[in-house]
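Order as written gives the chain letters A, B and C; numbering starts at 1 within each chain.
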């Protein structure tokens, strides 16, 4: 209940940002922060709450993005419909990946690599079939009108991504306070013990990946409508998958606000580094990679782990010793 | 005679060359505490794993409450009312005691509030009432064993299979946990124990099976079973031999 | 149905490419077999090796095969340091953490390479770059033949090292059981780092053998990670023979599916194999062996 109130307050405050931030540059940064938080929270549902680390969230993101784009460009279907179609298409992809991995008990690094392989397969497919514009990519014609899910002002885009992020965070909040979430976290912490208590581990994980895929797909829809251009590398390339996992890992996986915190920190770093070093290609990625190494080495529970209870820290150490023994 | 609650018939299981279960049959009667004993590596845990769906027997069948559950999944078996605990306790580390027990409670209770209330109630029953908000990983060994019992209890089972729930506890802790197990039985829940602690088996269970190298070698009332020469030879053999040798030495 | 005149060169091409894949996979399978971790930075480190060979060749005029004396030892040192300094400390009891940390390393290495070496694709010029050998009526570039032989020699050397040296015995003991190995006085951290170093040294060998018939760019390693891992899975984690056979197999599959499906779609065959093999046979087709 308390977290729900805090969540509502945070998002109410975030909703006011366009009234105070008039500069398009800053509003764009705010948009990208919420967009990253959306992708990060989507990953967090499966990776944080469910303990299933995916390296291939681009599979969902790209499917959402291509669905809304292809429906518009090739079939003239309104992107508002495409928005839901994109989310659902991502859910279908998630169900396929979830079915083929969880059904056969794939976990840990194997699961991570198989998700990556799925994303790669989709990248190659989208690079080869004409419907996605193949390697050339897909340009969504500029037709600014709210009915077209295209806006003249950044403020409206902000509210679009804000609403999507709000839904994702509300869903994560629900995970933290529901039977489904309790079962998901139980499977994460000990699958055998959970199953012995009657938790249908396979079904719980499958639902988690579908939920996660849905919000990742929404992120893809937003990307397509905001930038109006897609190619196989943008949609299904590794960057989206990396961003999706980096954000919650920085902020704190398995926590409600971790992805928001991570998104803020990530964009702050990339803005500051751009100011200091200039627009050198790849430099922010070097920082991202270094950050990932540092977080995993020294703060596996993320920044949130610093802020809230540090109780589990000694336990982690003990577990580590047991691992090594 | 009504059919027993749990009917295990002719279970066989091999791992590579190891025959972990050789044609094991036993029937667990309703409403009692019964037990399964045997030396380390006898195949007790493996038998539990097969009964509860974690391993598939090579052959044989398992019936629970009159229905065939051979090959059913652990989840399904838990839903039917049979819960196992683990010899190596498996707490959901990083979650509170309350949340741990609530996972069990959620098997029958959909609402979060209801499950948390149930968790609290069960925690009190097993003596974890003042540790509800503690991280499960910070519990002592005895506390973790209680947690295993509590989680199982919260699912409102008809039958609980306890795998060495007393192992690793000191005598005073054992004295504390035994009444908890009795109380579970008094709620009408049937119990099958795997136990090493002989004193516990003698005082708790009404009937016992002895497993050795995967096969049953004796069964009966505990006090008869422990005096069965087969059992002494197979199960207590080494200990007895040592004790006798020691006594002889003392006599000299 | 294309006739044999097209299929045979394609298969030969696949076999030689596959040998290189095998070489890359040998290091990965060694690391996996001993440390039970997946090195996601494998491709990025291969790329570093390729740049090392490239600059040794273009700046100092060293023949890529002479670089075999320099690059693999340097890569060994790098691998040793990485394992001891970073990777070995990152697990915290979860294998995904290793994957994450090596992913982070690969991002850093690739983007630093982009910064220092720019994104251009580079090749080297050797006297034998365009020499060909005729095999069953098909022409195979000479460097590819050398690479093919080199892969087998390397696998043989690795096997000998594992079988006949003290280090090999220590590695095998550690791979089997850490606790027992440390009890008999094996310094686990050191031997793990040696194994990781050896795995990365294999990449150094691969880089020297690869560059004469290939190219280098900051992203060149990306394509190799999943392919190498597919081979490792296919061949059985930790098995050298498996890596060789798996590498050749994947090379041929890639060449043939490229022939039948076209260059771009052809790669799907590999990932499809990867997914199917991982899902159904996580211990590999040839079983588990170290």
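Methods note: a residue touches a chain if its C-beta (ideal position, glycine included) is under 8 Å from a C-beta of that chain, and two chains touch if they have at least 3 such contacts.
Going by UniProt, the chains are A = Amino acid/amide ABC transporter membrane protein 2 (HAAT family); B = Amino acid/amide ABC transporter ATP-binding protein 1 (HAAT family); C = Amino acid/amide ABC transporter membrane protein 1 (HAAT family).
Given the structure is predicted, the values throughout are model-derived calculations rather than measurements.
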Pair of chains with maximal C-beta contact number: A-C
Chain located farthest away, centre of chain B as origin (C-alpha): C
Middle chain, criterion being Cα centroid separation: A
Where chain A and chain B are represented by their mean Cα positions, the distance between them in whole Å: 43
Distance from chain C to chain A - Cα centre to Cα centre, in angstrom: 31
Averaged-CA centre spacing for the pair chain C and chain B, given as whole angstrom: 49
Where chain A touches two or more other chains at once, by residue number: 319
Residues within chain B bordering two or more other chains: none
Chain A-touching residues of chain B, taken from the complex the two chains share: 52, 54, 73-75, 78-79, 83-86, 90-95, 99, 102-104, 106-107, 109-112, 115, 135, 137-138, 151-152, 155
Contacting residues of chain A [partner chain B, same complex]: 177-179, 182-183, 185-186, 189-190, 192-201, 311-312, 315, 318-319
Chain A contact footprint on chain C (complex, rising order): 37-38, 86, 89-101, 103-112, 114-115, 119, 178-179, 222, 226, 229, 262, 264-265, 267-268, 271-272, 274-275, 278-280, 282
Residues of chain A that touch chain C when the two form their complex: 53, 55, 100-101, 104, 106, 108-110, 112-114, 116-118, 120-121, 124-125, 127-128, 135, 238, 242, 245, 249, 280-283, 285-286, 288-293, 296-297, 300, 316, 319-320, 322-325
